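Shared between the two complexes below is subunit A, which has subunit B as its partner in the first and subunit C in the second.
Right, the complex of A and B next:
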């Protein structure tokens, strides 16, 4: 038990805990349900949540367009359509997985390079800095679908020797170009968040600028930006659907085909479900990574 | 907290009370065929309350609107841009535009009372109230689709055909087997893709495009060997060669129909007009005027 003075310092939670995490870093359940005040508040939270969603469901199901012939229930929630389109969509969704996995690896590498270029000292390196910053300005300004359309339809038309004409190739290039621009900024924010004194300290120990970057700055910078990196990765996963524009039959295009053939939107709902299902574990994983990292750093004594 | 719960409960009551009020106006529409001698125009007058906009026939179609279904030079302030391959529905040029104005005339509308709106294909079968009376964009009638929308009488009998450019390996093919190993393309929402999958059963996966334009772009780029389009479109000169035509799917004649919201009460008047136009030769005359009817190309087998 701590002294009264210590309790005053930790107003909520048990003594000895970090004041920034009054509920403890790993206590997710109570964070979502707003608990921490005993079982009564948990029950209220559960009842209130159920009631809320029940109201929403009643509102939707009783709307005039829900059960009419050709209404929302028939056109969006058709069981038979769902069951028949889901395997087809999943079969084509692997192409999205292929596209965004390859693209993500390229994005992480390419943008790290650009971010490091951006952080080089002024002087001789100014052209590289300018190149990097104008790249991010240009590609953050361009809608992804335009980049995909311009590259996907334009580049094969050039009939360049030795350049693949595959839709996959140009789709991946387009996604890498666009997402690298965002991710470069994320990395740069991470690098700039590391106090300059660390670079100075590393240099004073005899490390070169490159070594200091590699061994001191980047490991900390990257760890700090994991959540925004995941944000962009999820964005990339979703934007892989834009590849449908090129005529490549991936998840979205498969859903569109089935929807247009049968005049039924249920396949879109099936695809939406697939996206949610793949996103949830990623978010949970990164949440856990962050918590573990925080615990580790706190355990080290010096935050 | 308690106030919040009371609020939620109130919301539930309101939701249950106010929601189920469907707008089933003029449910008597389709059934009041008591007067058999009604002409389409009289029917249209009787059902004028069932139109989307008063005294106006509002028709939805795609934008761009492709030849030979739509043609002519854009009228001022039109959303549609005309080119050598696209037209403006307002001109009445092209088979579907001409059919629309002939239909409107038969229903007693003047040219000025026909209004066009451009929609993406998906919207022609989206649930809920429509902001048009019907969609007219080469929509093939099928029983499955008829679960979502009401189709008019068919106004055009259609087959699918294969087009390719000079130098394509598709040229000279007359059997499905010869097409099996080719990279084929089709615009989305048409039966072209079904024709490829069910009749050709290709070894190479076909490519599906958002619209005809993109399919043709890839045909020019050599990304696909040949594209399946409807027969009249094939003859419009989008590609160098019409390789051949496909027999009907499942032996049933494919037809284009107008697509209406389920339960549309104005539809019977339109059906009546289309039947009249078919019987008195108007549809055939329109076909002769706007479409290439050369049937000398081989049928794949």
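Right, the complex of A and C next:
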């Protein structure tokens, strides 16, 4: 499960790559080759798109399994089931919202700490650097659902004193651990994309390493990585559904329960719709930010 | 007898196998302006970066007002506060306005109250003809303006000595004069400076002493008029002949 699409965003662990511009040169628009201005080409685009989707819809609706009794139409597209399950799912979906909101805040701070640890000079700080890098290596290699299962079932079973035993708590911890590993790498790429001369300029003013990091390097680095950060958060929001595995009744678990009770899969589609409504605007926002950065860069602007 | 502002003794600096500085000795007195000349790669920039403790040195000593700043128990941040450096590529902070660039050092390194730091910054900016640029971001400024902001940023720390590393080399030729004029004014006001430069005419006008660097050593140094008209070392003569042939003097 993990987080699809993340690797495609930009190759991780390749220092020096500018995380702002992860898309290849193919994304650059040419007025001649693919600009698509002019009303005629707009009409062609609209008509061909409509035609394409019409054909797909007709193919699906006319497939043998569509309208037969107990077919797809009845199992997945039942209006009544949809209307009755949606409020139930929404009621539980707030738990997902709660989980990923808390997790996002924790991930932002925890991984910033790790990324700064990673960028400390070699020498006395080597243990911290090693700790941070082995953490990101390990947790990027573990399936999210496994971490959730191990922590969610294992930790409460330890019956530790003074540590919360709720599956909520451990589900959030598991998501934070997995996503911090990715976000640490994003931050690190951002930090490494700031030219060393900025550090030299800050140090030459007598600023300490920490002050230079705080006032000069990080503000620039974070600004550069906002789109990939948002991208990881979209992944986190989707993966909050994995928490259902612990038996915690959130959106997905509610959909499962409703589906099982009525022998109808429509609740899953209702949940999918909820996800689409919250994630798609964010995806579009990320795309727009990347496009804007790229335009700026092509125009020769800095930062 | 008082200590010179800066005194360098037997300085060696190596990058892996390549020895960039091989035994530099140099003294800079209070209010003195020294120009370092020499081909690219002769070690001028590295020497300046070593003085500001931005590079580790391999051998030798650097003394600032008689105090060894290369000894391990020195507070390097405190030393850097007293030495100003201006870089070839300006290295302004792009996410800060001009005023924020200039006040960062005083506010954070000297812990000066923001109002006082702003006052100092505005005074300096006005002196260098940048009063109306205080609230702009660096990328809205011309190269010459950016470099003058970088000079102001270094001056805001009220350093004992100012190091200038080929500060006009990245500039459009028509913008060089405004930066050189600013430095000339500083020299007239008695700022102690070490200037690495390819602008020989400027070096002749402004320097009290010129030092010629060749392959990591100071081959010859002296009063500018003598250095430019009758250099003693054949290497110095060769370098100056090339500069003249290139139309840079």
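Note that in this section the second predicted complex is superposed on the first by the 247 of 303 C-alpha atoms of A that agree within 3 Å, B and C clash if a C-alpha of one lies under 4 Å from a C-alpha of the other, contacts with A are read in each partner's own complex, and residues count from 1 in each chain.
Keep this in mind: a residue touches a chain if its C-beta (ideal position, glycine included) is under 8 Å from a C-beta of that chain, and two chains touch if they have at least 3 such contacts.
Since the structure is predicted, the reported quantities are computational estimates derived from the model, not experimental observations.
Colleague: Given the touch rule stated above, what does A:75 touch, subunit B (first), subunit C (second), both, or neither?
Modeller: The answer is first: A:75 touches subunit B but not subunit C.
Colleague: Applying the document's definition of touch, where does A:157 land relative to subunit B and subunit C: first, second, both, or neither?
Modeller: So A:157 only meets subunit B here.
Colleague: Looking at the overlay, what does A:58 touch: subunit B (first), subunit C (second), both, or neither?
Modeller: A:58 sits against subunit B, while subunit C stays out of touch.
Colleague: If you stack the two complexes on chain A, which partner ends up touching A:261: first (subunit B), second (subunit C), both, or neither?
Modeller: In the superposition, A:261 contacts subunit B only.
Colleague: Is A:253 touching the first partner subunit B, the second partner subunit C, both, or neither of them?
Modeller: A:253 contacts subunit B only, not subunit C.
Colleague: Applying the touch criterion given at the start, work out whether A:48 contacts subunit B, subunit C, both or neither, answering first, second, both or neither.
Modeller: A:48 contacts subunit B only, not subunit C.
Colleague: As a test of reading the superposition: which chain, subunit B or subunit C, is in touch with more residues of subunit A?
Modeller: Comparing subunit B with subunit C, the partner touching more subunit A residues is B.
Colleague: Regarding the shared-chain residue A:201, is it in contact with subunit B (first), subunit C (second), both, or neither?
Modeller: second
Colleague: Given the touch rule stated above, what does A:223 touch, subunit B (first), subunit C (second), both, or neither?
Modeller: second
Colleague: Could you pull out which residues of subunit A sit against subunit B in one structure and against subunit C in the other?
Modeller: In the superposed arrangement, which is not itself an observed complex, subunit A uses no residue for both subunit B and subunit C.
Colleague: Which residues of subunit A touch subunit C in their complex?
Modeller: Against subunit C, subunit A makes touches at 197-198, 200-208, 211, 215-216, 219-220, 223, 301-303.
Colleague: For the complex, give me every residue of subunit B touching subunit A.
Modeller: 1, 4-5, 8-9, 11-12, 15-16, 19-23, 121-122, 125-129, 142, 144-145, 147-150, 185, 188-189, 193-194, 205, 207-210, 214-215, 217-218, 220-223, 261-263
Colleague: Within their complex, state which residues of subunit C touch subunit A.
Modeller: 49, 52, 54, 77-78, 80-85, 87, 89, 91-95, 104-105, 108-110, 139, 153-154, 157
Colleague: Going by the contact rule set out above, which residues of subunit A touch subunit B in the complex?
Modeller: Those in contact with subunit B are residues 44, 48, 51-52, 54-55, 58-59, 62-65, 68-72, 74-76, 153, 156-157, 165, 167, 244-245, 247-249, 253, 256-257, 259-265.
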